[in-house]
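Alright, structures below, take your time with them.
The two complexes that follow have subunit A in common; it is paired with subunit B in the first and with subunit C in the second.
Up next, the complex of A and B:
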């Protein structure tokens, strides 16, 4: 499924790299521990987290993730947005908490294995 | 005159809920002297309310005590801040308290006992001292430096709460003064920062189990900083 489609169906708000929404999402990963995401997420994943500091951009770029969804209404810090724009990385936000968001992603066919 | 100062600058007291109740001022000083240390540092989690007690207990026995705190960043990374004066440290504590979760958490994670220099219990801290502050690693390091302190990433060789365990890497340009490892033997990676090793003692028996020698003129944070930078003949001898 394309990222644009997910954004529309889940009503996500895009906070960075608005011109880079065409990529294919091939799976998902949910974790708030950056070293865990570095170790276990896969290229093409969408990443669900509550961390908003700029190091999330470094992790997502290193792993070539499709984008990051911040949960529970948490907003990225300005430095995070600046860095994401530079790296052309899509950051999205939602009011949904992790459990709800991941359930809906799964229902849309985004799996974690 | 320059001398070799054996230092364990990462000790917890009974204020840290995860530390043993016996980690009291006079006991810490006694054990430190028994372990052959020339200087210790007190660094409880996100609070410094027992530092004055240990400083006074140390002064009675001629043991210099560095005023410190182990701060938890937003990313749940532990950063050690060591300060020249208790005033600088208390100023840092104000910032930390403003950035910890609000509310009365009682003794949820264990007793957070405030003592005096004779080990008398004088109060209890009911903040969430094991919680994360709302400050990023960079903000913590900057706040320490703004108060003329030394910033050291705690136990980076440990999976839990270490900089690398939490983030997986050291953020580029992070202005740390040093990295702390739990033991040198478990540590093989090379980094562009000075390495120190301290015990992170939560029990009396652990005091001095890991320590670092500084070749410095007197037991102060300014001298420690010079040693970490290899300035004016000061240096670090890790053993």
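Up next, the complex of A and C:
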């Protein structure tokens, strides 16, 4: 599924790299531990987290993730947005908490294995 | 197109790709005898805005939605398409380079061109601007994938150098407790290795291992250095800090063991997985630490083993 489709269906707000929404999402990973994401997420995954500081951008681009969804209405710090723009990485936000969002992603066919 | 003197990839491609590579070859055609009244249904059903008119395998003309509207507006009686079609059809040959198509679109402002065979002049397909764009994008994507999987530029570079030993050396300074710039060195290293054309899988392993080591230096020490040696067969990343040292190296290597303060954990670091991640990415790893002096970490990643996953 394309990132644009997910954004539309889940009503996500895009905060960075608005020109880079055409990528294919290969699966998903949800974790707030950066080392865990580094170890277990896969290229093309979408990452669900509540961390908002700019190191999430480094982790996501290190693993060539397709984008980050920040949950529970958390907003990225300005530095995070700046860095994400530089790395052309899509950051999205939603009011939904992790459990709800991941459930809906799964229903849309985004799996974690 | 820009009047830049350098040739862009797209400019190169429009000379390389032929019209037949991107045209639509499953063409809906109409016969000259078809009545105009039926044209609307054909166009709507097939979701097209025009069609070549073919008579006994030969291109007789072209009829478009515009022609139909003009006929409708004129309130004329029904008649065969042949009376309303454009006879002087601008065509392209299937074996022409795409640049000819681009130029013709620019010159005539038409929405589509009929593509015919250079020899027997038979209809081969139809081409729109959309087909050209789609064809270019597909080719760019294929080329990009090829670059990702095949081209190991650095290997060719090494092959062209005559020496008993070849190595490239990069050094990065890491400032302690500087979370603002955390991960910068490994990002720069990742970009550098990408430019050298190493296998993406190798790059990812080096980048992850270096990132974790860099974070350790930032969290626990007052700064350090990352030295990277790239050789044809392996990449060595040496991370040295002047930090407090690790009291129990064995324990530190256990997954989940961490001495990180709470504020570090709240940022999502300090989960006790860093060294573990490093050793998963490394083919060989060596950790030496002296209390009160600092820690030296060596990470070896073999280049031939490049396709090994970073997550196993």
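In the analysis below, the second predicted complex is superposed on the first by the 113 of 113 C-alpha atoms of A that agree within 3 Å, B and C clash if a C-alpha of one lies under 4 Å from a C-alpha of the other, contacts with A are read in each partner's own complex, and residues count from 1 in each chain.
Everything that follows uses one rule, which is that contacts are C-beta pairs under 8 Å (C-beta built on N, C-alpha and C of every residue); 3 or more make two chains touch, one makes a residue touch a chain.
Not measured: the values here are computed from a predicted model.
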Subunit C versus subunit B on the shared subunit A, clash or fit after superposition: clash
Partner chain in contact with A:15 - subunit B first, subunit C second, else both or neither: neither
Subunit C versus subunit B, contacts on subunit A by residue: C
Subunit B versus subunit C as contact partner of A:38, first or second or both or neither: both
Touched partner set for A:51, first subunit B, second subunit C, both or neither: both
Which superposed partner A:64 touches (first subunit B, second subunit C, both, neither): second
Shared subunit A surface residues [contacts with subunit B and with subunit C]: 33-35, 38-39, 51, 53-55, 58-59
Contact footprint of subunit A on subunit C as seen in their complex: 179-180, 182-184, 186-187, 190, 200, 204, 207-208, 211-212, 215, 267-269, 271, 273-274, 276-277, 280, 311
Subunit A-facing residues of subunit B, complex: 74-75, 136-137, 164-169, 171
Complex contact set, residues of subunit A against subunit B: 33-35, 37-39, 51, 53-55, 58-59, 77
Contacting residues of subunit A [partner subunit C, same complex]: 32-36, 38-40, 42-43, 49, 51, 53-56, 58-59, 61-64, 79
